[in-house]
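Both complexes shown next keep subunit A, but they swap its partner, so subunit B is in the first and subunit C is in the second.
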Partner chain A sequence: MPSQPPLPPLLAPYVSSLPQSSLTVLSSVLGATGNWLILRFLYAALNAPSNSETEFGLNQSDGVKDKKVVFVSFLRGWEFWRSEAKRLGLDLARLTDKRQFAFIDGLSELFDNPTTAAAPSQPSFPGTAPPRTVLPVRSPPGPVPGRTPHLLSRPGNVSTNPASKEIGPVKRLHLSGNGTAALDALERDIATVMKQLKTPTPGEAEEPELVLIIDQPDLLLAATGPSKGIGATEMGEWVMGLQQNAYATIMTLSADSPLIHNASAIAHQPATPLETEHAAFAIGSAHRAQMVMQLRSLETGAARDVSGVLRVGKGGAWGQKDAGTEGNWEEKEVLYFVQRDGGVRVFGRGE
Partner chain B sequence: MAPANLSHRQTHNLLLISKLLNLRDTASPLTLLLDSLEQPATPLIKEYIRRAKISKVHVTLIAFETLKPLDGVDAFIPARRKSPSQIAKEVGVAYQNIKTNSPSSRRLILIDSINPLLRSRTNDAHSQLSTFLSSFLIPLSPSAPKVEVSLVVTFHQDVPSPPAQSPYSPSPHSILTYLATTIIRLHSFSHILAQKAARDRSLAAPVFGLEEEQDGILLGRLDKPIGKESAEGIVLEMEHRRKSGRGVLEWYILPPASRYSPQHVKEVVTLLDDHPLYRPPEEPETEAGEEEPESTFELRLTDRQKREREGVVLPYFDAQQGDGPGEGGRILYDMGEEDDFDEEEDEI
Partner chain C sequence: MSFRKRNIGLSTGADRTPALKSSAQPQQSTTAAESSPGIRPSPDDGRPTTSTGSRSLDNLLAGHGGLPLGKTLLIEENGTTDFAGALLRYYAAEGVVQDQKVHVVGMPEQWGRSLPGLIGPADVADEKPDKRKRERMKIAWRYERLGEFGAGVAGSRVPAATSGDQGPSTANGDQAQQPAFCHAFDLTKRLTHPSIANITYIPLGRSNEPLFVTIHKRLQAAIAQSPSNTVHRIIIPSLLNPTLYPPETSQPDAVLPFLHSLRALMSAPSARVTAIITMPLSLFPRSSGLVRWIELLSDGVIELCPFPHSADALATSGAVTAGEEPPQGVLKTHRLPVLHERGGGSDQNIGQDWAFTLSRRKFEIKPFSLPPAEGDKDAQEGAAPGGMPKKADLEF
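Our next item is the complex of A and B:
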C-alpha cells in the first residue's frame, strides 16, 4: 500500500480550521482509539507555515497566524507521543525547544504527592499510582542524548522525580486535596504553562493562536469521583476554565457503551456513580462542543482493511455564532484505516 | 378533522406561539426547553434573542456552559463556580445598571443549561431549585417598579440526572416540568419525518443518536439524512398551561434562521400539520363519494340524467297491479324532448 499523506485530504477541513473559543470533542471506544486523530490535530496545528518549509505551505495563506499547542495527556506519556509524532515527521522535542509546543504529563505522577499532604489518596488507586505503568511504545528510544531536559520552570512544588525513567521537556501534574480545590490547582498549573507559551518571543509580532488538547480527562473523573467531591459539573467547569485561556480546545473522551448507556433512563439496573458521572460529563461536553468527532468500530465486525468509522457531527453549541465564523463544514461519516507504518487512509463507504 | 375546526385551531395556536415567543403579556413566566443532542436548543434560543431585540426587551444570559456571550445579549453572567444566590444577585444588579438609561419594562432571562446546577456538588442546588427560579420572577423589593420577566430555562434531557438524595424526593426533571408554565420539547424535523414515514407503513419508529444504544455513538444527526434540502428546521412540541389550568398541546415547526432576515417581523413559525413535507397536500378529488372505474368512456351521470332515471317506473311495478295475465310489465317511459321517436320500435 502506498504511503499516505500525513493529513488525509478528506480529514483536512475538520482538523485544520478550528473556530475561535470552540470546543471539539473527540469520542472514542476501546476498539477504535483516537490517538491517530490527535496526532492529525497536532500535525495540522504545528506543521503550519511557521516552519517556513515551503513544501508544506502550499495552501496556507499569509494571514494565517502562528499556532502553538499545549497538550495535556492523562493516559499516555511523553515518550509515546514523541515516537508516534515522529512517524508523522513531527519532532515534538524540537518544537518544544522552539516554544511552539508544550507537553503536560497528567499520568506519571498524578497521585504521587511530593508534599504528602494527601497521602490517603495514594493507596486507594493502585492501578494508577506510580511507579508508572508504561503503555506499549513501539520503538522505545532512550532519552535523547545531548538534549537537556528542558523543564518548564515554575516556582513552587515542581520537583522532578529522580527515580523516573523518563525525562523529557515535560511538566507533570499532581493532584492533591479534594473537590474543586484540587481541580483549581491543576488548572493553575496548566494555565501557567499556557501563559508561558503564549507570551510572544522576540521574533513574533502578535500573540499566537494557542490550541489546547486535553487527552482523556475522564481518567481524572474516574479516579476521583463523587466521593472526592469531583463530579461531572466540576469537571465541566474545570474544562471551561481552561478553555478561557486557549484559542481552541480539543478534548478526547471515552464513549464506550457501559460508560454512556448504563446511566440512561432506559437502563434496567441502577447505575454506578462512575457511570452516571461519566455519562453526564461526556454528554454535557458534547452539548458544549461545536464539533463532535466520534470514533467507533465497524458494526459488521472486524475487517482487514478498515479500522473503524469516524462520524463528524455538529455539537450542541454549533450555531451560536453567526455562520461563517464557525467555518463551513458538513457533517460526514467516513471509514478509516490505520496502516502498519502509522499512516492513515480516510475514505467514504464503498470507495 | 373538519376544515372549519382546523382553521380555527390554526389561527388560535399560531397566535399562541407567537405570543409565547415574543414574550407578550408574560404569557409564560417560566418556559422550559427540553432539548437533546439530536436537536439542541441553540436555534430556538437565538430566535428568542432575535425577537427580543426587535421588541427592545432586555436580555440576560446566565451561562452555565456558554463561554462567550451570544450576539444580542445585553447582560452575560457566567455562572461557573457560583452559588445560586450569587447568580440571583448578579442578575438583579445587571438590570439595575441598565434600567436608568433605557426604560424597557420587559426582561428576558435565559439559562443556557440548568443541568450543571442540578448536578453540582458544592451547593445544595437541587433542593433550592424552585427558590432559585422564582427569585428571578419575583421583584426584589415590593417598591421596585414592575418588570415583566420571562424566564427561559434549557434542560438537556439526555444528561442523566443525579441519584436522588432521598428516595421520596422527585427528580429535578419532574420538578421543572411541574413548575413550568410552558414546556417546549425540541425535535429534529428530519427525524420526525423519518418516524412518520415508518408509522405510516406500520413499522416501528426509528431512533437516533444516544437512543440507538450503539457503542461509540453520541450523535446520530447528520446534515442530510434523506438528501432533502427542505427537511431543515426544528419541530417544537409545545405544552402550554393556561391560568385556568387547561393545557394546550400543539406541534410547530421553526424554519432555519437562514430562511428569513433578522428583522423579519411576521410570524415564521407554522403548524407542523401545515408543512408540505409532513402532510403532503391531498389530491384534489373530483367527486366525494365512492370510487368509479376509470375508462375513456364517460360513465358518470349528470344530475338531470340521474333525476330522470329515478323517475322511471320499472316494469315489475306495473306488473304488480294485477290487470290480468299478459297485462302489465310494460316499460312506461315519458319521452323527453331529445328522445327520438321511432315508429317501428317504440310504442306507447
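Our next item is the complex of A and C:
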C-alpha cells in the first residue's frame, strides 16, 4: 500500500482553514479516538511554510500568516504527542525551541496535591524564552522536595537538548481549590503561555495567528463535578475565556452514548450529575462551534480496513458572520482508516 | 510479511536466528535497558512490552505480543463469576516469576499466597498440542503456523525460530539463553517462588485522607523509591466493588482523579509500569457515564461475558472437536492499548468475536463460532437411518 500524504486531500479543506475566533469541536468515542485528527490539525497549522522559506522570508509574500499553536492535553502526555507527531514529520521539540509551539501538560500533575509550599519546578521554554514576569521566578534547579524525582536527577541542564527531550518543554497544570477559582487559575496559566508565545520575536513583523487546541477538557468536568462547584456552565465560560486569547480554538470531547444520551428524558434510568453536566457541556459547545467533527465507530461492527466514520457538520455558530470569512466547505461524512505507519486514508463510502 | 523464501531458512535454523536478532537489536538498544527479564520489544513498533502471564491474552493486544509498558488494561466482567480474577492471578504470578515488583491494591496477603503454580515457559507447555498438530498435518506442514491464532505474534519472532520445525536440539539450546517471556501456570497448584514475598499489598484502610489519594501516594512512593530499572505491575482487583471499597469512592470526583493520576504516574518517561484493573459490570453497567469515563481513562478495555450455566450443555453438544474444550464465555475488545490511541483499525484481530476458555492450565482466547444448531444434528441423524433402508427397499 503506498504511503499516504500527511494530510489526506479530502480532509485538507477542513483542517487547514480555521476562521477567525472560531471554535471547532471534535468529538470522539471509546473505539474511535481523535488523536490522529488533532495531529492533522497540528500538521496543517505548523507545517504550512517549509522551514527554509521562513528563514528567507519568502512566505510573507503570499499573505499566509505564521501560525503558532498552544496545545493543552488532559489525557495524554508530552511523550505520546511528540513521538506521534514525529511519525508525521513534525518535530514538536524543535518547534518549541523555535517558539512556534507550546505544550501544556494537563496530565502529569493535575490532581497532585502540592504538599510543599515550594514553587513547583517548571521547566519552561529553554533558552529563548524571556524570563517569566507573572509567575514566581523559577527556583534554581536544585532539590525540590517530594516531587517527580526523574526531574531532579538531572539538575542544571534544563537548557540542553537531552533535557528538553526527556522532560519536554512543558508547563504543567495543577488543579487546586474548588469551583471557578480553580478554573480561573488554570485559565491564567494557559493564558500566560499563550501571551508569551504571541509576543512577536524580533524576526517577526506582525502578530501571528495563535491556534489553541484543548484536548479533552471534559475530563476536568467529569473528575470534579457539581460537588466541587464546576459544572457545564463554568466549563463553557472557561473555554470562552480561553478563546478570547486565541485566533481559533479546537476542542476535543468525548461523545459516547452514555455520556450524551443518558441525560435525555427518554433514558430509562435517572441520569447522574456526571452525565447531565457532560451532556450539557458537549451540546452547549457544539452550539457555539463553527464546525463539529464527529468520530465514531462503524455501526455495522469493526472492519479490517476501516477505523471509523468521520462526520463534518456545521455547528450552532455557523452562518453568524459573513459567508466569505468562514471558508467554503460542505458537510460531509467519510470513512477513515489509520494505518500501522500512522498514515491516514480518508475516503467516501464505497470508494 | 517479508518476501524471504520460507523454505531456505528452515533448513539452517542457526542462520535464521541471528538474522532475526540483529533486526531486533537496534530497537532494543533504543528502548531503555533491555537487561530486565520479562521485557521484550514489541514486534510491531519496538516499544517494550511485558507479558500478562497468559499467552492468549498477550496475542490479543494489537500485535504487540504483550502489554506495553505504561499502559493500563481494564477487564470488565459480567455476572458473578471470577474469570477476570484468574487473569489477574496469571498476571501477578508472571510478575513474581519475572522478578518484577507487584503491587496489589485492596487484597489481603492470602490473595498472593493463592497464585497459580508455575509449570514452565509457555512455549514448553504448548509443546503437547504442537505434537498433536504435527501428526495431523502431514501434508500441509509448511502452513502449520499460518492462520492459527495461538501462534500469532507472541509465538513469532524469536520463539518462531526456536519452537517451530527445526528439531528439539536447537530449540532447547536457544531456550536456555533466551529467557522466557511468558510462563504457563497451573491454577490448582500454589506458586512457590523466592520473590513472592516481595509483593506489596496496599490495604483499603480508613484514614483521614480520601482512600484513593492514599493509594496513589503509596504507589507513587513505592515506584519512586525502587531502582529505576525495576518493572512494576499494579493490580487492582474488583475496582469499586462495594464489599471492598466504601460507597463514597464510587463518586466520579473520587475515582476519576485517581485513575487520571495513575495514568500520569504510568506515562512518566522514566516509569516502567503496567497495570490491570478489573471491574464488576453487574454493579456498574457499561451504560453509565462513570464507567464510560473509567474506560476512557484506560488504554485497553476488555469485557468478559461468561455464558450462563445452562449454556454449557449446548456448547458441549456442538461440533467442538474432541481435543478442544467448550467456550465458557464471550470476550469483547472495546479498546486495545496503543492501537486505539493512534486511531484504531488495521489490526487483524479486530472485528473478530472471541470466546474464552479457562482451564486448569491456561486462559485461552479463540475465535468464537456458534456450534451447529441442535435441531440440524437431529435431522441429520434421523435422515441417515430413515433414508438408507428406503433406497434398499426400492432396489430389491
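What we mean here is this: the second predicted complex is superposed on the first by the 288 of 351 C-alpha atoms of A that agree within 3 Å, B and C clash if a C-alpha of one lies under 4 Å from a C-alpha of the other, contacts with A are read in each partner's own complex, and residues count from 1 in each chain.
Just so it is clear, a contact is a pair of C-beta atoms (placed from the backbone, for glycine too) under 8 Å apart; a residue touches a chain by one contact, two chains touch by 3 or more.
Since the model is a prediction, treat every value here as computed from it, not as a measurement.
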Inset, instruction - May I ask you to decide whether A:80 touches subunit B, subunit C, both, or neither, giving the answer as first, second, both or neither? - result: second
Legend entry - Touching partner for A:274 - first (subunit B), second (subunit C), both, neither: second
Inset, instruction - Determine, under the contact definition given at the top, whether A:180 touches first (subunit B), second (subunit C), both, or neither. - result: first
Inset, instruction - Have a look at where A:311 lands relative to subunit B and subunit C in the superposition and call it first, second, both or neither. - result: first
Inset, instruction - Considering only touches as defined above, state whether A:13 meets subunit B (first), subunit C (second), both or neither. - result: neither
Inset, instruction - Using the touch definition from the top, say if A:256 reaches subunit B (first), subunit C (second), both or neither. - result: both
Legend entry - Partner chain(s) touched by A:32 [first = subunit B, second = subunit C, both, neither]: both
Legend entry - Overlapping contact positions on subunit A, where the subunit C interface meets the subunit B interface: 31-32, 256-257, 271, 273, 297
Inset, instruction - Spell out the residues on subunit A that touch subunit C in their complex, using ranges where they run on. - result: 30-33, 35-37, 75-77, 79-80, 84, 107-113, 148-150, 166, 219, 222-225, 227-228, 254, 256-259, 262, 271-275, 278, 297, 301-308, 336-340, 342, 344
Legend entry - Touch list for subunit C against partner subunit A, complex: 44, 213, 224, 228, 251-253, 256-257, 260-261, 263-264, 267-270, 286-293, 295-297, 301, 334-335, 340-348, 350-351
Inset, instruction - Enumerate the contact residues on subunit A facing subunit B in the complex. - result: 21, 23, 27-29, 31-32, 179-180, 226, 229-234, 236-237, 240-241, 243-244, 255-257, 260-261, 263-266, 271, 273, 276, 279-280, 282-284, 286-288, 292, 294-297, 299, 311, 313-323, 330-333
Legend entry - Contact footprint of subunit A on subunit B as seen in their complex: 35, 37, 40, 42-43, 46, 65-68, 70-71, 80-81, 113, 115-117, 119-122, 156, 158-160, 162-163, 210-211, 213-223, 258
